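Below you'll find the structures, each written out as structure tokens.
Look for chain A in each of the two complexes below; its partner is chain B in the first and chain C in the second.
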Partner chain A sequence: MMSQDLVILFAAGMLVTAYLMVGQKALFTAIRLYALQSMLLGGVAIVMGLTDHRWHLLAGAALTIGLKGVGIPWFLMRVIDRIGIRREIEPILNVPASLLICLGLTVVGYRVSTGLADGAEGAAHHVIGVSLSMLLMGLFLMVTRRKAVTQILALLTVENAVFLVALGATTGMPLIVELGISFDVIVAVLILGVLVHRIVDRFESMDVSHLSKLKG
Partner chain B sequence: MNLQSLGLGLLQAAALLALAPLLRGAIKKMKAAFENRQGPPLLQGYYDLAKLLRKEPVRSDVSSWVFVAGPRVYFATAVAATALVPVVLAGAPLEEAGGILVLVGLLALGRFALAAAALDTGSPFGGMGASREMTVAALAEPALMLGLFTVALWGGSLNLGDLVRTTVQRGFSAHPSDLLAAAALFIVLIAEAGRVPVDNPATHLELTMIHEAMLLEYSGVDLALVEWASALKELLFMTLLVNLFVPLGLALGASPGALAISIGLYLAKVFLLAVGVTVVEVTNAKLRLFRVPELMAASLGLAFLALAIRFL
Partner chain C sequence: MTLLLWTLTVPLLTALVGVVPLPRWLKEANLVWGLALTFLLSMATARQFLAGPPPTAFEEALRVDGLSALVLVLSAFVGLLSGAYSVGYLRRNEARGLVSPWRRREFDALVPLYVFAMLLVSVSNNLGILWIAVEITTLVSVFLVAFHNRDTSLEAAWKFLVLGSLGLAFALLGTVLLFASGRGILGEGMAGLNWTRLVDLAGRLHPLTLKLGVVFALVGYGTKAGLAPIHTWKPDAYREAPSPAGVLMAVGMLNGALYCLLRVHLISRAALGPGFSGGLLLALGLLSVAVATPFILIQWNLKRLLAYSSVEHVGIMAVGVGLGTEAATFGALLHMTYHTFAKPLAFFSAGTLAQLHSSSDFDEIGPGTLARTPVASALFMLAAVIMTGSPPFGLFFSEMTILKAGFAGPHTAAVGVFLACLVLLFCGFFYQVGRLVLGEQPDAAARVPDPERFDAGSATTILAATLAVVSAFYLPQGLLDLIHAAVRVVEGAR
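Presenting the complex of A and B:
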């Protein structure tokens, strides 16, 4: 039972980080929260891999911690350092309202998880519930924030949520798929990093709503 | 309520009162260590209290009895609140007297008395501090109650002593709502203790202080009582947090062995939590006053989420 408890605690920790990310305006803190979230995801994978003897999960966990817990946050911090913008100045929705909406999204995510085959009870219920909630929160974050870096973080949160739902609902993806996804994430973040530079060069701001001016 | 539990309650209150200044001193020392400073000696809190208790209080001519009563009520409510909280035994000394609601009510009464006393002298800083303190409290209190209710829902009782006893007997089992509620109560702890993202305990700069602004008019014994009660309240919140969420090793009976283990574990848990508070204090800048409600909204949201997930 101990390992199930650990899985539940790690998953709940991921939910807390996602929730705090919504209530956060400082970009550095948001990136640190994302790093913590990825570490916790790695923790879930390690515990599941060790208890069920699914060794390929350990490789996935190492990849998650190394890449998403350390590499990508470092890269994003460097991007922010270069362009010198540290704050999400004005989200489209203010913080208390976003928190309230995310609360509702979590309830929806949890409720929906009971419809899945394994999703009604035990650790799987919480893992799937947390991951669906995080998925919805990530999507919400993506549409309500203006800064490009926050949107990248939202995308990465969604990616973490998908990884978690794969852990909870299946016996884990094959290693080759995980490698492919990780590679996709690196390329996506690198390209988005370059894109952020381009946006800042062009508009002297990271606000993606300026992009609508590009229409002819 | 028999004589024995009353004695136990007094003993527990005395022990926590004796420990509280040490906790503040330890946090100050750790903070100094993080910043490569020497910091005040560990026992500075006791020296300060001893000095203040010897001094004669100076009170303004225009102040009324409210000003004198404020610190005393604040101190008395904080001491009374300790009797409702399990510390090293799985059960509170005066648990027949009430549970979560009485605890929250006592703390609110103390806060009210202090805020009323701060308004009494008519000094602008007192009024400003009181209004700020009440603003933060109005947001922290629902979060505190919802967080405690989440735990109560699992234990099936609103009585803290009963609650902890059930949890210890049933053994540990994780639920996401525990972590969410603990995170919410941690933010409440920081707000109630006046720690950095919300308030800065070290500042005496007019525009930023919240709690300190209410105390500017106080001196001597009055000031000592307020400072001591504030330290006690901080320790009380920490005790609540560690014993509700990590009730590991709480003694069920009064056998010396179990009691010794329980006391040791309790001190270790509180120390670890104090390290956590210090890390938050060192790594964060104080929030602008208008940003504080956002942090408290996050806390309230987490607590509500914790409660909702219990039912899903």
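Presenting the complex of A and C:
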């Protein structure tokens, strides 16, 4: 039972990081929160792998911690360092309202999770509930924030949520597939970083609401 | 190595050679001949399929059935045309100093890489590999969209990558949920994600998980296909991408994404009956056709016009698949084939018009282009006639097939709306084209376009025009066999 509790604890931790990210305006802190979230995701995979002796989960966990817990955050911090922008501007919706909406999203996420196979009880209920809530919160962040880096973080949160669903609802994706997916995610983040550079060079800002010439 | 693996390796090698700094004629020869060889190999693979059992590789992670073979051949065909057109296109842009040698190398590597990813999509039997291949096309096309490095290209590339990644996150969630719905019975290894296995075990999948997975996967891959509601990246990306790359996205990616949608639809149909995913595809398709209508009527840019036309066409295909009868499916796949023949002409002639006028905005090009750039304008008129589904060209027949199948079925009201939208779209497209190509000459002070010349670009455009016209009256028997084989796959054959 101990391991179940640990899994639930880690999953809950991920949900907390997602909430803190919604309430956060300093970009460095948001990136650190993302790093913590990825580490916790790795933690869930390690505990599950050890309890059920599914060793391929451990390889996936190492990948998650190494790339998403350390690599991507380091890269994003470098991007921010170089372009010298530290804070999110006032989001389209203020923080208390955002948090309230996210609370509603969590309820929705948990409600949906009960419909899935094995989603209604035990640790899987919480893992799937948390991941669906995080997914919705990531989408919410994406539409309400305007800084390019915050949008990347929102996208990565959605990605983490999908990986958590994979852990909760399946016995883990096949390793080769997971490797391929991780590789693609890394390349996507690198490209996004390059684009942020080009956008800042061009517009002297990373406010994506400048990107509004194309309409109709 | 088997034929199938060679088909995938050759474009990769072409991409590798593309990175190397070489004299221009060698680079051009590498691109065109590499893609030509790819096309020949893909035809040989399709022939191998027609002659015997489906070619497979890596524990059936790659498998060529009728649907795969059709999409494979069409994708390789578009890759070859795009490569051939890019020769003339890049020469012209290089002459004007718009393309640096570094960009040129980027282009020579990215186009074959894109073709590789498209081919990989079309032969993927494994849903995980399928997702990875679609993601590769997205990542590659970001660079193609940002190619010209203008303000607007960055905007388009950013929107494209963010929306595309979001769509793919949905598709990944859908894939995970599809896998989850077969908890335990699919097995843990790579083969557990094989489409064939999911279809075989469809009756034992957990229905609610499956439904959720199907919805996410359809919306996710629908984003890549450009189905409404997440089609908004399309006009921006098409406007900014260089024309040879635009046609890869407009035809290759569209066919590939439709292939993904069909695979998901078939799993859902085997497990839940035709109503669920079919209804969803019908709704998304109708929405796409309806959304495209007003934007075509108010359009101000040539390539965005083509983008909305592409939203329309993918909508038509989705409607055909969604209707679900054998005749409608045949119509949808026929539509895909004719669209593949017609779209390159539209992109190439529009690309040449835009290049001659150094802009793709209507205000800069028109009105009255027919008098100033007669050949490109006439070819674009021909493209408009074909693209809008006018008789006697192919798209007219495929649209009629879908409409006829639709009115015979239970969704007559939906098909009625669909028909009304098609008529409006037809009028809207011709209104725009007429405004641009005909119309009065502007005063003499207006900017004079570059003179038309016969070069590699126009030669490819004329070739595309010939193919688009000939395909209306004659499709090779092998291609027809492939279409029928694809219909049988959709109807449940293996």
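As a convention for this text, the second predicted complex is superposed on the first by the 213 of 216 C-alpha atoms of A that agree within 3 Å, B and C clash if a C-alpha of one lies under 4 Å from a C-alpha of the other, contacts with A are read in each partner's own complex, and residues count from 1 in each chain.
As a working rule, contacts are C-beta pairs under 8 Å (C-beta built on N, C-alpha and C of every residue); 3 or more make two chains touch, one makes a residue touch a chain.
As the structure is a prediction and not an experimental result, all values here were calculated from the model.
Superimposing the complexes on chain A yields a three-chain arrangement in which chain B and chain C fit side by side.
Touched residues of chain A were counted for both chain B and chain C, and C has more of them. Once the two complexes are overlaid on the shared chain, A:126 sits against chain B while remaining clear of chain C. In the superposition on chain A, A:84 makes contact with neither chain B nor chain C. Contact with chain C, but none with chain B, is seen for A:165 once the two complexes are overlaid on the shared chain.
In the superposed three-chain arrangement, the CA centre of chain A forms the vertex of an angle with the CA centres of chain B and chain C, and that angle is 160 degrees when rounded to a multiple of 10. With the two structures overlaid on their shared chain A, chain B and chain C come no closer than 19 Å at the level of C-alpha atoms.
Overlap of the chain B and chain C interfaces on chain A comprises no residues.
Touching chain A in their complex are the following residues of chain B: 172-180, 183, 293-295, 297-298, 301-302, 304-305, 308-309, 312. Taken in their complex, chain C has these residues touching chain A: 126, 128-129, 131-132, 135-136, 138-139, 142-143, 146, 149, 151-152, 154-159, 161-162, 165-166, 169, 172-173, 176-177, 179-181, 183-184, 188-190, 192-193, 206, 208-209, 212, 235-236, 239, 295, 298-301, 304. Listed in rising order, the residues of chain A touching chain C in the complex are 54, 56, 112, 115-119, 135, 139, 142, 148, 151, 155, 158-159, 161-162, 165-166, 169-174, 176-177, 180-181, 184, 187-188, 191-192, 195, 198-199, 202-203, 208, 211-214, 216. Within the complex formed with chain B, the chain A residues making contact are 1, 4-6, 8-9, 11-13, 15-16, 19-20, 23, 95-96, 99-100, 102-103, 106-107, 110-111, 114, 126, 129-130.
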